[in-house]
Amino acid sequence: MAKKEFSFNEAVIEIEDILRNIESGDLDIDKLSVEVKRASELIKQCQKKLRSTEEEINSIFKDMV
Amino acid sequence: MTEKLSLTELQLIIRDSLYLALPDMYWVIAEISEIKENYAGHCYLELIEKYPDEKNVRARAKAIIWSNRYRFLKSFFENITGESLMEGLKILVKTKVEYHELYGLSLVITDIDPVFTIGEMAMKRQLVIKKLEEEGVFSMNKEIDFPAVPQRIAIISSKNAAGYSDFINQLTGNSSGYIFYTALIETAMQGTETEQGVISALDKIALNSDLFDLVVIIRGGGSQSDLSWFDSYNIAYHVTQFPLPVITGIGHDKDMSVTDMVANRALKTPTAVADFLIDCVAGAENNLIEVSSEITDISRIIIEKNRNRIETSRIRLIPLSRIMISEIKDRLSGNIIEIINIGKEHIIRAGLAPANQESRLVSAVKSFSSGKKSVLERTIQNLTDFTTNALDRNNIRVAGLGNTLSILKPENVLKRGYTITSFNGRILKKSDQVKTDDLIDTQFSDGAVKSRILGKFEMGI
Amino acid sequence: MAKKEFSFNEAVIEIEDILRNIESGDLDIDKLSVEVKRASELIKQCQKKLRSTEEEINSIFKDMV
Amino acid sequence: MAKKEFSFNEAVIEIEDILRNIESGDLDIDKLSVEVKRASELIKQCQKKLRSTEEEINSIFKDMV
Amino acid sequence: MAKKEFSFNEAVIEIEDILRNIESGDLDIDKLSVEVKRASELIKQCQKKLRSTEEEINSIFKDMV
Amino acid sequence: MAKKEFSFNEAVIEIEDILRNIESGDLDIDKLSVEVKRASELIKQCQKKLRSTEEEINSIFKDMV
Amino acid sequence: MAKKEFSFNEAVIEIEDILRNIESGDLDIDKLSVEVKRASELIKQCQKKLRSTEEEINSIFKDMV
């Protein structure tokens, strides 16, 4: 389910929001690790998505040649 | 003058006197005005000399050539001059003057110089020629075109002349069977009537000139003499003015008469004239035959040329058609090959688009995912950096707070030699908080003292 | 009927039009085989016409010699 | 009628026109066999005409010489 | 049916659209593999079309030359 | 009548004209046989003229002398 | 329990308040030492919090790379 609803683009936007928050310095240190965790989680999902897409495409290309 | 003489005596005196006075022979120039031969063979002449106008007689004398002499002189003269002794001739003769009591004066001719007569005749003829030439008529008859086919012939001759019948026989007896139409105009061909006769014959023919192709003047064959009749200026002049060509066949071997000279053509004999006319007609016919064979030859050449032309066309027709067909065949084969080549080329060209798109797809995907990857990497980097920054900032802040605290810590203040003074537990910061005699506590780093205020001072330092 | 109305010249013109079309490169590849087929059909008819003309000429020639 | 109106010259010109046409290659192949037939017909007529003219000329001058 | 309605030219245009999309980088990664699949499918069809056209041309002129 | 008007000379001129005509090479085959025929006719008349007697001329001559 | 409820931010604010109080010198001498103690306690806790957060984040990052 999670995968299906995961949007690379939305994730990137959320990550950038978090980054902006961290960068601004307004962020409570108590929330910092939570946010970082969230960001890292999103990044991982993005990477995973990229990898899976790449694999898919590779298999498509394999068919083509 | 008293002595009386008989006529005879006188005549004898004249004779003797003449004889004594003129003992020699004399060469005398004279013109014959009359000549006749008597039964005995003697020749009697009358000699004259004219004034230069050639009309009036200036001198006249009788002459005689005795028969024995005459026979010799006659043939001698004719042999040399081609002429017989006749009226009008100028002669040079050797004479002895004789006088006979019965017959009177006469010149006895013993010799004759024919060369003189020839010269005279030639001179006379020359004068005629010169006159004709000066009048510009000499060659007028020659200038008339000779008819191609001389078939209609007017003949001037005397009917009984042998030459005429020779001419007619020759003409009618031609082997080619040519027809000639002849008309004889009779006239004397010698003697004093010759001139008038020929001229009137010519005039008669001229009136009907459209009936004839030409005029022939012929004279009996054999006669060598009397040629000079045709040296006549009048005859020659009429011939030059004649509208038709005139041919002469007057019959002579040595010389030509003036008429011969001005005639369109002069031939020696009537027979020769006839042959000439036959030749002319034969020539015309031959000419026709030649022309016709030329026409045939050229026609055959033309036909042959055209046959070749047609044959050339015939020979070219089929090969050209075949060449055309095979050229078109080649063109079609060329079209096939071209279509195959161009079609394949087209396919190759069309194939470039998808092939290009394929490689673009691969690289686009690659750059797409590497773009995304780099975004993620940058994000990770930012996250790390920003987080580290945030931690550092807070570490510094906390450290700053620690420092401030340690500076503010009382024990540290005391250690540096400061003391804390308090009054009733409250730290004193200002002098007005206490008055004299108040007890105040002063804390040192190592203990405390109690003190009484003795006095107060204004800050004056 | 077809034979009667067939014009060699028109056929040649059409073939050359097709060639030009293909050559120009503007031709849709989808239409290429259709055009090529048409051209080959025309060429066949032309060849047939040529053969018959050749025979005709040969028979004329036989008459002539 | 035909014979009477036949002109050798016109025939020759027509034959040569046909030949030129064939040679130039401009001739429509559709018309080729018709033209060839026409040309061969004209050639025959020309040959006939030449023969008859020759005979005429031969007979004309036979009597003369 | 599919073959019949397939247009080489339209396919090339569609591929080009997809390419532009991918190349612009605006494309959602979630749709990337779908688009790539579509493009590769179209390219295959194009190539197939080219091959079949070539074979057709070869077979058309086999008997003729 | 015809005989009366016939002129050997005019005939010869006409024959020579015909020859010149033929010789010039411009002559059409169609006209050749006509011209040749005419020439042969004239030649025959000329030959006849050379050999046949004409009564009329004789009577005219007789009148004259 | 204490940990759970510990707020870095609140601690920092409290420390700053204490420091301001100390600086102002309005404090009772008795309270002064209490406050100093309190402040140093809080600073320690902050430092601890920072350290633990750093460790947490480091471990998250370790997972990521």
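We just call them A, B, C, D, E, F and G in the order they show up, numbering each chain from 1.
Convention: contacts are C-beta pairs under 8 Å (C-beta built on N, C-alpha and C of every residue); 3 or more make two chains touch, one makes a residue touch a chain.
Source: prediction; values computed, not measured.
Participant: Going by the stated contact rule, which chains contact chain C and chain G alike?
Facilitator: B
Participant: Which pair wins on C-beta contacts, B-C or B-F?
Facilitator: B-F
Participant: What's the call on chain C versus chain D, same or different interface residues, using the half cut on shared numbers?
Facilitator: different
Participant: If every chain is reduced to the average of its C-alpha atoms, which one ends up farthest from chain F?
Facilitator: Farthest by centroid: G.
Participant: For chain B versus chain G, what separation do you get between their C-alpha means, in angstrom?
Facilitator: One centre to the other, that is 138 Å.
Participant: State, to the nearest whole Å, the distance from the C-alpha centre of chain A to the C-alpha centre of chain B.
Facilitator: 110
Participant: Report the inter-chain centroid distance for chain D and chain G in whole angstrom, where each centroid is the mean of the CA atoms.
Facilitator: Spacing between the chain centres: roughly 131 Å.
Participant: Rounded to the nearest whole Å, what is the centre-to-centre distance of chain A and chain G, using the mean of the C-alpha atoms as each centre?
Facilitator: 34
Participant: Mark out which residues of chain E touch at least two other chains, giving numbers and ranges.
Facilitator: Correct list: 8, 29, 32, 36, 40, 43, 50, 53, 57, 61, 64.
Participant: Would you pick out the residues of chain B that each touch at least 2 other chains?
Facilitator: In chain B, residues 289, 292, 296, 299, 303, 306, 314, 317-318, 321, 325, 328, 336, 339, 343, 347, 350, 358, 365, 369, 372, 380, 387, 391, 394 touch at least two other chains, as defined above.
Participant: Go ahead and list every pair of chains that touch.
Facilitator: Every touching chain pair, ordered by label, is A-B, A-E, A-G, B-C, B-D, B-E, B-F, B-G, C-D, C-E, D-F.
Participant: Considering only the defined contacts, which chain B positions touch chain G in the complex?
Facilitator: Against chain G, chain B makes touches at 380, 384, 387, 391, 394-395, 397-398, 401-402, 404-405, 408-410, 420, 422, 425-427, 429, 443.
Participant: Touching chain B in the complex: which residues of chain C?
Facilitator: The touching residues are 12, 15-16, 18-19, 22-23, 25, 27, 29, 32, 36, 39-40, 43, 46-47, 50, 53-54, 57, 60-61, 64.
Participant: Show me the residue ranges of chain A that touch chain G in the complex, using the header's touch definition.
Facilitator: 28-30, 32-33, 36-37, 40, 43-44
Participant: Can you check the complex and tell me which residues of chain B touch chain F?
Facilitator: Of all residues in chain B, those touching chain F are 147-149, 151-152, 176-179, 181-185, 204, 208, 211, 281, 284-285, 287-289, 291-292, 294-296, 298-299, 302-303, 306.
Participant: In the complex formed with chain D, which residues of chain C make contact?
Facilitator: That would be residues 7-9, 49-50, 53, 56-57, 60-61, 63-64 of chain C.
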